[in-house]
């Protein structure tokens, strides 16, 4: 077993510098690496390029980094629900690269799996394909999209062990597994860190080889963006 | 004229036994409420769940279980969770039988625009470009005209496209239409709406052949 | 829930015809669809193109189909341990397309996920790349490989439910998940078929959407090819 | 001269703390027996397991848990199972730190041939082409000469290639060699083997600079 445990979020983020490209898991506020984001705010690193499906809300998630103007560029598929984001984007302070959601996921997976690029039908004939190679396969058109290159990947899992093996919960899984091993260093924060051997080897979502550092996260807020319920009959 | 629930109710009739369905945000979400009880259907949400159930009872919501609209949801027996790459493998790999989504504009040849208005804040395409580029069967749910009263069924889209030549069917508050080679083929009228009124509200080429029945909803 | 259960292997293989292309899961004899193979032998369908990492041994696995001359072409990464295979291959009765193992897996995954082709470094500069497009990405050379197209995919899982959800065990997982949804019809045989709702939605390896038919398998032999043990001290 | 276990023992010294290692069939498999106890290493097998342990005790074998050589194995705490696509994602994505495999021929520039002899039954390349095309660090374990006494370290490979310019280091029964720009750089001699003998057994260009120590194994 190759131990991946670090003592805390400070150790986990060692080496993060201004100007780096970071991947951050999560869909909306679901499954986001809350501890890593808080530490990025504390560190005050700036000029960041953040790859994340969404950009948080004004006072939570990546919104916290936007408030402090730490982000130079966002690569996302959907960035609504965030006034500060809108202000910075419209004023030109923030660069935004919008990418179809499936393409975003596969650009992560391609980086993880050693594929330099891939052909996807998404975005063909739209402005997303401008400047990109397109190609016909079996009568259908595809766009060539390149794998991401990132310095750090921050993911949040439900359970993890000292060997870096991860298990996610529900739809908090989303982009997190795809981002593991897709950056030079993958940092996983988990709700419950257990000794190696505690997790069923058959039930691991992400093998520890894709994770360089793991730590026990704390104080998870897990905010709900759209609390929707039905009344009891 | 139909209201949003009426559109959803009519679209629900397109949902067949054994279908895996992806519902977009807005009117499409309402479709789930009207699907027949006696057929087997599973709803996929592209953030990573198959087999979505109704919203949770108050107090039973789980922050880790949401749909693509970021609403808290529940799952039904037989459900599964998966990552985003697998989710779009389902979509791109044509394993989803039906995609229902909203639109700002649809053109005669099935182009769709639903993500961007130049000069306005752009929120992003989310999974829409993947869905329209891949789905075998796409139904658009929308109002026939925009707030300014202008037709949303055009010869050519004026807004930036989400996908090209992909829409198969459109259900609006006024009509059910199919995209055929030469334009929008009128299939059904909403209750009380005349063919004349639909013609007037349709800017692209409308094809009216024979008797156009009123929708049964 | 969309029910996928069929009563038996006969029903599960309905529609299999001479000349078809079939995918079969398994690595060596580990995790092979034993029931489907037995039924293919019984049906006597011939002129088959079989995509499978290996070709079984003389009297088990795909070797059973080879004995009956039902296979026209094998697409595999490794085909040792089989005398009849060797005889048919050397005599020219059997067409063999050898494919690097990772490429084989990804050609399945590409078919499953709707990618028409992909670039891999495997085989560049070797005879595997002859006649194929090659391309430089970031100073490294890659070979363009096309997704498989198959009529049926036969996989074996450990547990499955009526909705077609699958869980595999140990290294019997191998190619099985990659082949699900990679053919027009995917048939899963399982050691234990349970009602929908019995499996944890968080622990599903392959969601039922990738499976068209599922049945309770029987009489699994699970032969061990290289029984290797150590002595007790 | 080393025997197979000797080669494996020498290669084991190349296995460093924190390495994920893929071992090929044959001599490479033996390497696991000689890795130091006080370092943390995980062995991957490309059929879908990370964290392989020793062979099982008699009667404890599980047909569902094998390695790429189809041998029954066990797993250690922290192990995981995964599918073939994920396994090669680890390999292609350069997550494996060291690949050790056998060869029939290696050329001066690091080309390797280890899968096919024209005219003979071809069993296939298995995962070897993926491994050699992707690995950051590849060590070849082989005899210095073939059964006919001919060198396996050549100017150019004569057999069909498995990969080009990929081998970094070679450990044979006679020597440890590194592939450098101009040829095989001799690093160490096997106990009792002279530089002269190695020169004689090496058909490709051998680079001998300064004192060549005997291996410590």
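Going by the order they are written in, the chains are A, B, C and D; count residues from 1 in each one.
As a working rule, a residue touches a chain if its C-beta (ideal position, glycine included) is under 8 Å from a C-beta of that chain, and two chains touch if they have at least 3 such contacts.
What you are looking at is a predicted structure, and each value in this text was computed from that prediction instead of being measured.
Undergrad: Select the chain at the greatest separation from chain D, using centres from the mean of Cα atoms.
TA: Relative to chain D, the chain whose C-alpha centre sits farthest away is B.
Undergrad: Where the centres are mean C-alpha positions, what is the separation of chain A from chain B, in Å?
TA: Centres of chain A and chain B (C-alpha means) sit 28 Å apart.
Undergrad: On a C-alpha centroid basis, what's the spacing between chain B and chain C, in Å?
TA: 36
Undergrad: Provide the list of chain C residues touching at least two other chains, using ranges where the numbers run on.
TA: 109, 114-115, 120-121, 168-170, 201-202, in rising order.
Undergrad: Quick check on chain D: which residues sit in contact with 2+ other chains?
TA: Chain D, residues with two or more chain partners: 49, 81-82, 85, 88, 91-92, 134.
Undergrad: Chain contact graph: line, ring, star, complete or other?
TA: Basically it's none of the tidy shapes, so other.
Undergrad: Which pairs of chains touch one another in this structure?
TA: The set of touching chain pairs is A-B, A-C, A-D, B-C, C-D.
Undergrad: Of all residues in chain A, which touch chain C in the complex?
TA: Per the touch definition, chain A meets chain C at residues 114-121, 137-138, 140, 142, 167-170, 201-203.
Undergrad: Show me the residue ranges of chain D that touch chain A in the complex, using the header's touch definition.
TA: 18-20, 40-42, 44, 49-51, 75-82, 85-86, 88-96, 134
Undergrad: Please give the residue numbers of chain A that touch chain D in the complex, ascending.
TA: 1-3, 109, 111-115, 161-163, 165, 181, 195-197, 201-202, 204, 207-210
Undergrad: Hey, which residues of chain A end up touching chain B in the complex?
TA: Where chain A meets chain B, its residues are 27-31, 53, 76-80, 86, 89-90, 96, 98, 100-106, 108-109, 120-128, 158, 168-178, 205, 222-232.
Undergrad: For the complex, which residues does chain D have touching chain C?
TA: It is residues 45-49, 54-73, 81-85, 87-88, 91-92, 111, 121-130, 133-134, 160-164 of chain D that touch chain C.
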